[in-house]
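There are two complexes below, and they share chain A, which is joined by chain B in the first and by chain C in the second.
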Partner chain A sequence: MPVEMATATGTATMEITVSKFELLRELTATQGVVERKTTIPILSNYLFEAGGDKLVLTATDLDLSLRTSCNAKVKKEGSCTIPARKLHDYVKLLPDADITIKLLENHWVSIRCGRSNTKMVGMARSNFPSLPVFPTAGVVKIPAQVLREMISKTGFAIANEESRYTLNGALMVLKPESITMVATDGHRLAHIERSGEKFDGVSGEMKTLIPKKAMDELKSLVDSTEAESIEFARDESTLYFRIGPRLLTSRQLTGQFPNFEAVLPKDNNKLVTVRGEELSAAIQRVAQFADERSRAVRFRLEKGELKISASSTETGESEDTIETAYNGDALTVGFNAVYLLDFLKASGNGDVRLELKDPQSAGQLRPGDSEEYKYRYIVMPMRI
Partner chain B sequence: MSEFIKTIFHVDMDAFFVSVEELFDPSLKGKAVVVGGQRDERGVVSAASYEARKFGVHSAMPLRTAAKHCPHAIFVDGHPERYRQCSEKVYEVLNSFSPQVEMASIDEAYLDMTGTERLHGPPLRAAQRLHDKMKLATQLNCSIGIGTSRLIAKVSSARAKPNGVLWIMPGQEAKFLAPLDVRDIPGVGKVMEQDLHQLGVYRVGDLAALQENVLEDRFGKWGMALAGKARGEDAGGWFDSEVGADTDPKSISHEHTYNDDTADSEQLESTLMRLSEMVGRRLRENGLHARTIQLKLRYQDFTTITRAHSLAEPTQLDIEIFEQVRTLFRNNWHKAAKVRLLGVHVSGFKGHSGQIELLDSTLHERWNKALTTADRLRDKFGESSISLAAGMKGGFRERTHENPAGLPGKGRSEK
Partner chain C sequence: MGKIHVLPEHVANKIAAGEVVERPASVVKELLENSLDAGSTRIKVQIEAGGKRLIQITDNGCGMVRDDALLAFERHATSKIKNVEDLLSVSTLGFRGEALPSIASVSRLHLETRAAEEPTGTIVEINGGKIFKVEEAGLPEGTSITIRDLFFNTPARKKFLKAESTELSHIASLVTHYALAHPDKHFELHSATNAVLVAPPVAGYSERVYQVFGKDTLDQLIAVAAMQPLAHVGLPQPPPWRREAEEDAGPRDPGEMRAHGFVSKPETQKLNRNSIYVFVNGRLIRDRLIQHALTEAYRNILPPTVYPVVLLFLELPTAEVDVNVHPSKTEVRFRQQTVMHDFVRDSVRAALMKARPVPQFINEISAHASASPSLTPGAQQAAAQLSVAQQSGAQFSEGNAHRFAPDTSESRLLNQPANIGDFQLHAPVPPSVSGRFQFDGGIQVEGNAAVALARAPQVVPWNGCTPPIPDEPEEINPTLAPVLASLKPLGQIRESFILAVNREGLWIIDQHVAHERVLFEKILKQRSAEKVESQRMLMPLILELTPAQQAVFTEISDELAGNGFEAEPFGTRSIAIKVAPAGIEACDIEHMLHDLLDQISHEEQILNMDTVRARIAASVACHAAIKVNMPLEQNKMEWLLAELAKTDCPMSCPHGRPVVLRYSLKDIQKAFKRI
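What follows is the complex of A and B.
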């Protein structure tokens, strides 16, 4: 018996020293990927791999994985797994000093920092799932700023309904000289396009469906990076985004993104331009009195003014009027206030062009001054 | 004064399912008959003939238990469509007697007969005529309880069985109820019964003798209602509403228990499709849209889970219900674990918000039209005349159970 026990623990080793500041930065960056409620315990753990002068950290929920690294003094190369949440919570509380991490027997891991000394219960490294490897060919560089802009202007329109899985992500279309991103939840659609970029390695049209969770993660990674560009690649099953030293991989969504081009309005003839801030403020005020569930507000377009109103039997009624240069036929149409506010928040200050047709057809909203980006937002009315 | 006294009939068909089966197979008459499935099958007894009841067989008892109690009984499968058809005939008869008819389930109804004396004569004569007409039109026996409240009518019809009429004359309610067991009051279940026993209350008379505030202290609002019930008044919950008042269902559900537990995902999902279809049908019948979709999953070892999801937009389309239920199923089913029962339950009935679809607006309309047409075919040719292909493999004999939501005289679909 004693012999067996000795071999079970094997000769796995790892001993490193890292700065608390660097380690915490990477732990924080990867928390979003760690599975919170999982039936597979290993997924609540980080994989730590020490080699050369680096510590490589990996977290995965099987759909999404994030691999990152920080500088480390590596005394003994090797690897181990450590419960992710607990480690993050603990490291946050440590003083700003060097931390020594050492693998012990039975997958326990010692964490020492100054006079603090902790042993955490890890799991066998062999249980950690193996991750896809970044492809060597077909890598496309996308400017970080462009991706940042596109995600912030479309991400909010992705469907939250898990059952509509082809809408559960954004479509990215790369062409040799343009990039487009589209997201929809079946009621509204956000579409942004940028031309005049050069994408080496793209020929024809490269369509990729990026899952919502990957979009969210990508957004926070892109928002916090100083890297100028992102490296993007894919194979049959996986998407890869390299953001500086961090690598995000995501399982691809299968299925067809809907044919959105068919629903882009073409003959909307009632056009009016208003200040985005003014419109947003008016909708927010009026929406206080909208039906709590439907959030419906009524737009009444008349010569020289746009009236926005809402009413509900419980709370009362409210109306705001905005002066416009509109000179066409009158129109009354209902919209979900939340959908409009989402767009107005994403599009920022400045003029907004409303392009409407009738009470049943899609309305289109665009920022008045989009030169670098062609940004449009399509929203279906409500029957009121 | 007399205009304030109500005359309520409770009409309860005698051994309804069994009697209907006898119409189709007269050889069953007078024998011990169990409706609901075969003796070695899973599932429960839907109904038992009076002959079988003598051996302790009752509805909701597992079929296999019933076979033990009454080995010589004849076991027949339920035929929900036959019962629905007969139930409709019953409804027609009742409807010709009073404009205020409420089917409480497939085989019982309340009639508000207040003020029909000039038309139908005094209550007993009216009941006799109703009884005769029922027999003539449906060939079925019924029992009729007559009282000044639903409660009295309901309790007295049970005492009139089989094939009888019992009228509790105004003023005699408390006297009639006093010797009865507290369990005989509708709404008093096992737990309430035990609580009452602790107070020393065994008969309705004991209950009536208690101070109301004792009951209120002990049972809250329910206690007050109970005090009223002990006097034979309609008090509390559903008993407060007028007969025939629009009482929409709060939820709709369908379940299926497999004869052989299965872990075949294709079959399981197919069953979910079939159940979603049945639920969708009921939603459309009642003109309702449901917001909350719930899955019920029972494994072989009887561990049962329910998982629900609320939609942004309420629906009455089979396919949307199915999509939700399937997602819940895929996220929660432990693969390879055998499943005993699946159920689809919808609630949160709301009107549609009016949001128009961007991508599937035509798809939605097409589904709406297709399903409406399918509903019409079912009305005409029966429930199994048409179904979605995805549910074919999940096809199963519909179990017979009370489903007030789909009955004539209930809900808004009434023509």
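What follows is the complex of A and C.
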């Protein structure tokens, strides 16, 4: 909870004692949000606010902000800012003991721990940007486990840069009884859906674009939490995710997510099931001999086997054969090895179903044993 | 009474003066050309007040007898041509017979001349076109013309003259360039206060460059020399009834074209074309055709808006070039434009490729690599190479610069095994990892170059790529491939520039452009092998095009398809991209195509497919290449440097930016005050 600064008295004060372990845990959790290459100096600082028996830490790069807290003995309530990287690096090296943080004059901050005594120069608290406040209404609870799964299975397909046709974010669609997440970079698309959930407060369809950076941050927060569920809310410009005591806010992406439903293949009729590990290993071997730029590998589907091959004028050529139960017409199609490996890595062990049609049409991959999640991965072929 | 009348001669002269005499420099040009046509070997130019007050040109040419001296000031009086046929094969610089009367009509002119065979000379004085005084006098042989108060009677023109210093600089650059074109003659240029240029005769062009510009400039230049027999291709044949008459005269030898001179290394970049000097048969010209050929030669080496320094002398049979285009004679027409264009482009390109110059390369490496040949153990083995080298020398003298390059490299490749031992003795640079031709690497070059050097100047002074300068080109332009392969990357600066070292010093490599260069050549290779790989889009990318882009797109759509694009028209002025070359991120494609189409639509020239192909490859390479601000692991950096070493032109990216900078050990030592 944000704490009002003690402004009543003339000079700002703050004095707290906090355990090193707890402070370091929160500092580490927020490091990802601290802007590294900022031109705005205040953004490389933490905001520390002490009130009650809590220390609230805030970091922001204006797109994302992360607010977290830890227990502290508050001697004097107040707030200060401290350079984030330096503080993190320093606290890491301190012995496991209590740390006393005290605001001095001219924004200097003293940090004492045992026999260690350091003074760091902060900046005026008023420079720190004001942050959006968690809305009180329209909060949806999403199971942490579901969100974790969905992010890890779509996040890798997000484009790195934004353009008219790709957004560097994922689309989350909430319906009263299902949640869907979709990500694409224009060449491939990852789509995961889970139904049978119950989302209170959602009526009809609630579509949200989550920026890539927020996805990454969210993933690490969800991974490290013990909380059962995540509280999600949004207003006109901001997304809010509350994970236990931590609150992640992100500026919303604006733009039209591509009409992904149009590209989901419907009549892919050449189906083959292979072991994911086997396929992944074969592709990795063969891809050593693929063109370094295009990473193209050739899939040759024949009766009883799947041949994977690659060749380049510089390195040579390579082929792997996997036995299958395929019984249809022969088909040759090229794919980017990296795209396939991304999927195989995310989908984990188990069978993988390859659903192909012809050398020009999108191929679809699905894990063979997905009962809880409907996970599909669409990848466009290459012409080689 | 009719309204039309013939203008009096002095008016006609003033009109002609408007065309010929634009500024003091044009006076100097006309008079210099007269002196050169008169066979002078010593020409002295004296300038005061930027030529506004005084221009005096003194030569030791053939001079004129009294009658000639007077006749010279009549309009269309000339000694240089006699009839209209001569006009087709003008071999002198002047021929129109307009310069002297024109100059005389707008200045106070004082002429002193004596022909060698006459005992006495003649003095003529003319003021604003009116003969003032003609008298005999004892004078030295040759001609001296003094122009005072230029434009004194045409105030309008006078007003348009620039500052004295500007006019002087025009004159200086003019005299300089005639001096460069005639290294066997003595040139002097004096202003009122100091000697601007004093250039005694020297043996060759490179000495003249050294004399005029100094060592630094010479180091920045690459010698070009090429020759190509002129075949009459694609010219209209005379009709059959006339053909016989021509054949009676015997099959005419079409002659040959020669180009020699200097072009700058890519890191020398000028913002305008003022440093491009082209001489055709000794005449300084400004010709769009040749300029375009030069731009083409530097394509993908220099960025599009900067220009190289070029000093190019073209020589071709007089019948092949028409100089009678404009009174100031700075324009010419070539009979075979395309042949000329391609010849210039290819010769310059070949020289650039061969030299593969390194930015900021100081002679240090080569200085030690080219210790005198007799000291190198390689020289003893040179006998074995001699035959090979002679073979290549023979091809060389056949004069085809393009064929020359690969042949020699092959012969060098043959020599390689024998040389490896010596190679390591001298340059601890390991033999290139890439296994590529050691085109100019270390000792091998020396062995062969020494042989070629011994032969070349006397036997075939014009041959192939051997520049008419005595030093080995390799010495000026040490090359890069083996050096690059020996680099050991240390790390990155700001995750954008790779720092690498070898024993020559510290190198900085721009990772984006380096990769761009690697990809560029690879894409071109894949394209020519028709082995382009492409990636289908998840959903078609709809591009909206401007009319200009649309026109370009239609024109190049086949080539785009060949490069792995698949696009369909999608309504008016929109296209749907369904497939794009592999390696480009989907979000980059839109950018890339817009850039490409814009670039090509700004091109004035009609496009040939090679250019388009190179443009497309450059665009694809640029967007597929690793970007700046991207951390690279050690092995990635090593890979990149090794790949770069294999490229044909590792020095500049396809858009012309430099790829590699070197801070030599010597520079480092100097900076630390150790030497």
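Note that the second predicted complex is superposed on the first by the 369 of 384 C-alpha atoms of A that agree within 3 Å, B and C clash if a C-alpha of one lies under 4 Å from a C-alpha of the other, contacts with A are read in each partner's own complex, and residues count from 1 in each chain.
Note that a contact is a pair of C-beta atoms (placed from the backbone, for glycine too) under 8 Å apart; a residue touches a chain by one contact, two chains touch by 3 or more.
Small disclaimer: the values here were computed from a predicted structure and weren't measured.
*Asks:* Clash or fit: how do chain B and chain C relate after the overlay on chain A?
*Replies:* Here chain B and chain C cannot both sit on chain A without a clash.
*Asks:* Once the structures are superposed on A, label A:R275 by its partner contacts, choosing first (chain B), second (chain C), both or neither.
*Replies:* In the superposition, A:R275 touches no partner, neither chain B nor chain C.
*Asks:* Once chain A of both complexes is superposed, is A:S294 in touch with chain B (first), chain C (second), both, or neither?
*Replies:* After superposing on A, A:S294 lies in contact with both chain B and chain C.
*Asks:* Mind working out whether A:P258 is in touch with chain B, chain C, both or neither, as first, second, both or neither?
*Replies:* Both: A:P258 reaches chain B and chain C.
*Asks:* Between chain B (first) and chain C (second), which does A:P381 come into contact with in this model arrangement: first, second, both, or neither?
*Replies:* The answer is both, since A:P381 touches chain B and chain C.
*Asks:* Is A:K141 contacted by the first partner chain B, the second partner chain C, both or neither?
*Replies:* Neither: A:K141 stays clear of chain B and chain C.
*Asks:* Across the two complexes, what residues of chain A are contacted by chain B and by chain C?
*Replies:* Residues 160-164, 184, 186-189, 258, 263, 291, 293-294, 296, 334, 336, 360, 362, 378, 380-384 of chain A touch both chain B and chain C.
*Asks:* Flag every residue of chain C that touches chain A in the complex, lowest number first.
*Replies:* Those in contact with chain A are residues 519, 522, 525, 529, 531, 533-539, 541, 564, 579, 582-583, 585-591, 624.
*Asks:* For chain A, which residues are in contact with chain B within the complex?
*Replies:* 160-164, 184, 186-189, 258, 260, 263, 291, 293-294, 296, 334, 336, 360, 362, 378-384
*Asks:* Please name which positions on chain A make contact with chain C in the complex.
*Replies:* 159-166, 184-189, 258-259, 262-263, 291, 293-296, 313, 334, 336, 360, 362, 378, 380-384
*Asks:* Considering the complex alone, what residue numbers of chain B touch chain A?
*Replies:* Spelled out, the residues of chain B in touch with chain A are 309, 311-312, 323-324, 326-327, 331, 350, 353-361.
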